[in-house]
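Below, chain A partners chain B and then partners chain C, in two separate complexes.
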Partner chain A sequence: MSQKKTDRREFLKRSAAVAGAVGLGAVKPALGQDTPVAPEPGAFIRGSDEMTAYGSRSRFVDSVRIPHGGRESPDSFGLDFHIATPLQDSVGEITPSSLHYMGTTRGSFVPDIDPDEHRLMVHGMVDNPIVFSMEDLKRMPSVTRNHFIECAGNRSRSSHTTIQQTHGMTSNAEWTGVLLSTVLKEAGVHADADWVVAEGVEEVKGASSIPMTKAMDDCLLCYGMNGEPVRPQQGFPLRLLAPGFEGIFNVKWLRRIKVVDEYYMTYNDFGHLTRDPVNAALGYQIGPKSVITYPSGSQQLPGAGFYEIGGLAWSGGGRVSRVEISTDGGRSWKDADIRGTAHPMAHTRFSYEWEWDGSECELQSRCIDEIGQIQPSRQQALDFWSTDGERATFVKGQDNSIQPWRIASDGSVHNAIS
Partner chain B sequence: MRLAKQRTALKTLRTLLLLPILVAGVVSVQAQSPTYGVGRTPTEGEIRLWDIAIGPKGEELPVGSGTVDMGSELYLSKGCAGCHGTIGSGGMAPRLIKRDAGPNADPWDYGRVLPIRSPYATTVWDFINRAMPLGAEGTLTADEVYSLTAYLFFLNDVVEDGTELNEKTLPQIQMPNRTNWEQVPDWFPGQPRLEGYPY
Partner chain C sequence: MSQKKTDRREFLKRSAAVAGAVGLGAVKPALGQDTPVAPEPGAFIRGSDEMTAYGSRSRFVDSVRIPHGGRESPDSFGLDFHIATPLQDSVGEITPSSLHYMGTTRGSFVPDIDPDEHRLMVHGMVDNPIVFSMEDLKRMPSVTRNHFIECAGNRSRSSHTTIQQTHGMTSNAEWTGVLLSTVLKEAGVHADADWVVAEGVEEVKGASSIPMTKAMDDCLLCYGMNGEPVRPQQGFPLRLLAPGFEGIFNVKWLRRIKVVDEYYMTYNDFGHLTRDPVNAALGYQIGPKSVITYPSGSQQLPGAGFYEIGGLAWSGGGRVSRVEISTDGGRSWKDADIRGTAHPMAHTRFSYEWEWDGSECELQSRCIDEIGQIQPSRQQALDFWSTDGERATFVKGQDNSIQPWRIASDGSVHNAIS
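== the complex of A and B ==
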């Protein structure tokens, strides 16, 4: 360990400028300079009323989201469909609100809602139906929690070259709002009510059936995101969070919670319709999952030597309890360090100190959650569902299989999923 | 095998967990009263206006009726054909007519086509009502939605030509997949997503 640390210090001393420059893909290195320089005289950001009122990032940081799912966002009508977050540039656990992934049911305009006019109605099988204004909701007892959201379509394909394509349909934010259970208790839910239907206000009025057990456990009516109001693309002024459930359950622009006695088979629910009991069971709670964000697909390692491998792990089943790293294609595994606090159903940052010898290798990470679920390799997941007669070809439910990154001897990083 | 075991385990668990709720339900005869008293009671009219998710029993369906004939006209006049094709296929929007799967076909072989695959007729009515036509959502009258639903069911041999649907008859339609699908299992916090599946 101490030897390793010394090696690291030596390495850092030797190539401080290079190491600093490669850590973040989005920050353009000052090429050809190996000593820090002061800004040119006059090179400063002139103050403006705009910068005073609401700050912005450096013009040298160009990390951006991209359309995802084989369709433009916005399309020629101005509809947004799927937009992926640049995980390759992520640090820490929080996705900046401006870079949070976005998904809509079928392509949607983002509603432009005046929060003073917005209402949430809670009704159905309750003793006291209630209408809340946003002001009312902010008077209720609140909580603030870290949670990820992930789209069911977040599936790595061999044609993908970057982590933004393979995993960019998940993000993590600090959410503030009122527990749905607080509001449901206030309304007085009838004993035989097993489901709630949550519904948005956008033109398709996306609605999902959610089990009462989940609604009463940890669902959250969110008006805050990363310390400010929820962004319009994320459901301003109010969205539902169903922590650990597939993205579509996290209803945006929320205006109605109806308490009911059966699964309502809304159009969103129809998307989950299956006659395979396994797919039905795997259709809402997201499994244990992780991905190495650095180094990841299409990045370039400048040469052999020390690297901190970094990544994110999460699970719909609870907290991440352990993350393991393999640098030899899954043959051997070592524990990664968990950075910060592992929150339930939240992206958790992990890291691993690695000395690359410059030869071709394959990096993998796997997540183990607090209820003992283990992230499988694609092979393991397929083996599990294969029978003597038939080889499974598709990871059932939401794909939580291990993402392999191949490091070529020239330092280029490639998606190694088959 | 694995799943049968899982179901039994979940049923037992469910009974155990529901027991206190059932007992509480019997004991508390009085309506629960609010703790915080924040917000206001909606009017009947406000609830009716927003109560648009139609459950399998069809309780939320508005009074109204429509016919296959009216639906076939509306399908053209409301522009459905522009995106879904003149006979429910061939457009850029999702297909609305079942694929030919031969005689005695398994309903799942008709493709992912809402008005034939959906276990409940109410889901079809609901989606047309809330989400169609694209760009003019919410403009169809209840009668128009009954007519369009009837027409789509006629296209898929779910109902016969000349059928009239209303709030009473629509929920009674026996869709071919009425029971031919898998219910999502009961969910409990802290449970693995599938018992017996390590991943």
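== the complex of A and C ==
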């Protein structure tokens, strides 16, 4: 710690020295005789009606989403629309709604829904089938919670160079809505109804089967996201949130909840195709996962010295209870600091103060959640896939294995998975 | 409570009955033989490069900020640029960055700053004056916290009809940055330095004096807001956050922190003009405050029945510990439910389940914070202003008094302050 302190002082001294070389051409004195070193801005933008209504970001900020999986355009397959969030630029825990990742099940179109016309039907094995307008739902008791969503296909490949490619299919938002349990209790669920099927307004309707225990626990019917109506790409005007479950269960443009007594095999089951409904249900939950956002692939460290390693951790199993960091390729581990509040099933920011000596090394992070699950190594994940034949034949399922970033001696950062 | 339960069932029954009248013209069957009642959307929007980069809200959502104080345009006085957030549409606790309230100290212009050129200078009574680039600051240990900001002039007048007019000059965001104390400790503050003065890039530089105890406690140098860089209207690329202090202390476009040994009387002091620096310092902190966002002024209740009263509470004194609701004009009070996590100096969502019998009534909310401060009645506030002559002569200071909303028997909602 005292070594760290010294290093940080050195860093600060260098900063001061560098700053001395900054040109002071256009500055004016203020607050007496001192001279601020920040130049006067090149321009001032006059207040306008347009600026008043709905503000926008700085023209100097150009962080954007990209098509997922290295495709050239978002719908180059003509099948879906998967776009990845720029985690390399993330700060804090919320993902801005404009940058939230998105995936459609099939079909590269976003429905344009008039909320006044939209309805949610709750029916099937219930005493009282009910149809809700959006106004009806907004009058009901609501909750607000931070939750991540992650696509089951969010996985790192050796061809990926940036964290946006390796991990960009997860995001985190403040969600507001009505507990699904509130609605189901009022409808009166039959004792032998073990599943709900949720359906959205999508070309294949986005139907997914959810166990009744989950539906009655923490699922949300969300109309609010980051303080305003859910965005069209996230399901406007209504989205189901199944906290911690694979992205596909968080049905967008939700229009129907059917209470049933069996698992429905639908078009959405490609991610965990199995003949056994128990296994299917067990495969829904996102495992403990984390990734270092800085430094991450394709970034560049300016040189040896003090750095704050930063990243995000999350788990479908509950709160993140600990994050560990390795700076030697997984041989030794130390605790990172958890920043802010670790909410259940939510991105949790961690950081770790690190002095880089300038030699090549490999950074890794590892998430441990409140139910004791530990993020697996890549080798553990590969072993699992090779033995779990049924899952492996169709798709490799979730990949929550540890992401290694290699720092080269020139400060460049590289994806180190093989 | 069982009465409430019955009422809610009645509400739900009515919803189901109403839904029966919804036209089913265009719908198609799905999931077997059932018929969803949500109409198919009028259109699907095809995925595009533009949609990929940075998403936007639905064309059916038109919530916007308005000029503060009933002005016709944001800068109709040619002096400043004050715009109010649409609290009537708020959900959850975060204010979307595009709708965050804004006030300039003087001058109706927003500086257009290149972050690569921007610098923060920390100097004055310190051992080591330091100049930071934005990259320097981003490499330092960071924190992420939810905090509100509120303009000291955020007050209800009898001429105001909506909550956007009465309370729209406060907002809440997830802020990320470096603790000011981290920077001050590295600079080495002299023992006899009791104040810092913060200066922004504004026409009058936005300088404010902050007591050293506050500067060393929880002030933040923020570069992140709601998961992306701070927006230009909120101080891009760097804003000082003085949690719980009047808005004017949260200096935007921050370029300078000077450590000094006296209170600086600057152009910013119009809100708490006094010859006594102790009194000045005591006047900085926003008192405990709350407002019911639904139902609020100019909204319309569709009729007698079950409602969730919802609103926001906050205090410069710390966490909100309790919110009370009166539905009889302040004669009796009952506890509201606190939703989510009550963060220190942050908007906190509350709700209260209410059965409206259809007769005229007056709704009020009252905030109690963790240090025991209680939001005053309007009469208490008026009494305070009439006795505190020095403050009252210039401006009436903060107004954190209780906001009453009158519900007329036709369901219309009115500002009930006199």
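In this text, the second predicted complex is superposed on the first by the 347 of 418 C-alpha atoms of A that agree within 3 Å, B and C clash if a C-alpha of one lies under 4 Å from a C-alpha of the other, contacts with A are read in each partner's own complex, and residues count from 1 in each chain.
Here is the rule we go by: a residue touches a chain if its C-beta (ideal position, glycine included) is under 8 Å from a C-beta of that chain, and two chains touch if they have at least 3 such contacts.
All of these numbers come straight from a predicted model, not from anything done at the bench.
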item	value
Chain B versus chain C as contact partner of A:236, first or second or both or neither	second
Residues of chain A touched, compared between chain B and chain C (which is higher)	C
Chain B versus chain C as contact partner of A:59, first or second or both or neither	second
Partner chain in contact with A:186 - chain B first, chain C second, else both or neither	both
First (chain B), second (chain C), both or neither touched by A:43	second
Chain B versus chain C as contact partner of A:214, first or second or both or neither	first
Chain B and chain C footprints on chain A, overlapping residues	121, 123, 128-133, 136, 139-141, 186, 197, 199, 205, 207, 255-256, 258, 264
Parts of chain A lying in touch with chain B, wherever the complex brings them together	77, 106, 121, 123, 127-133, 136, 139-141, 185-188, 191-192, 197, 199, 203-205, 207, 211, 213-214, 217-218, 255-256, 258, 260, 262-267, 269-270, 272-288, 316-318, 371-376, 380-381, 384, 397, 400
In the complex with chain A, residue positions of chain B that touch it	3, 6, 21-22, 24-25, 31-36, 38-42, 46-47, 50-57, 108, 114, 117-120, 122-123, 126-127, 130-131, 135, 137-138, 180-194, 197-199
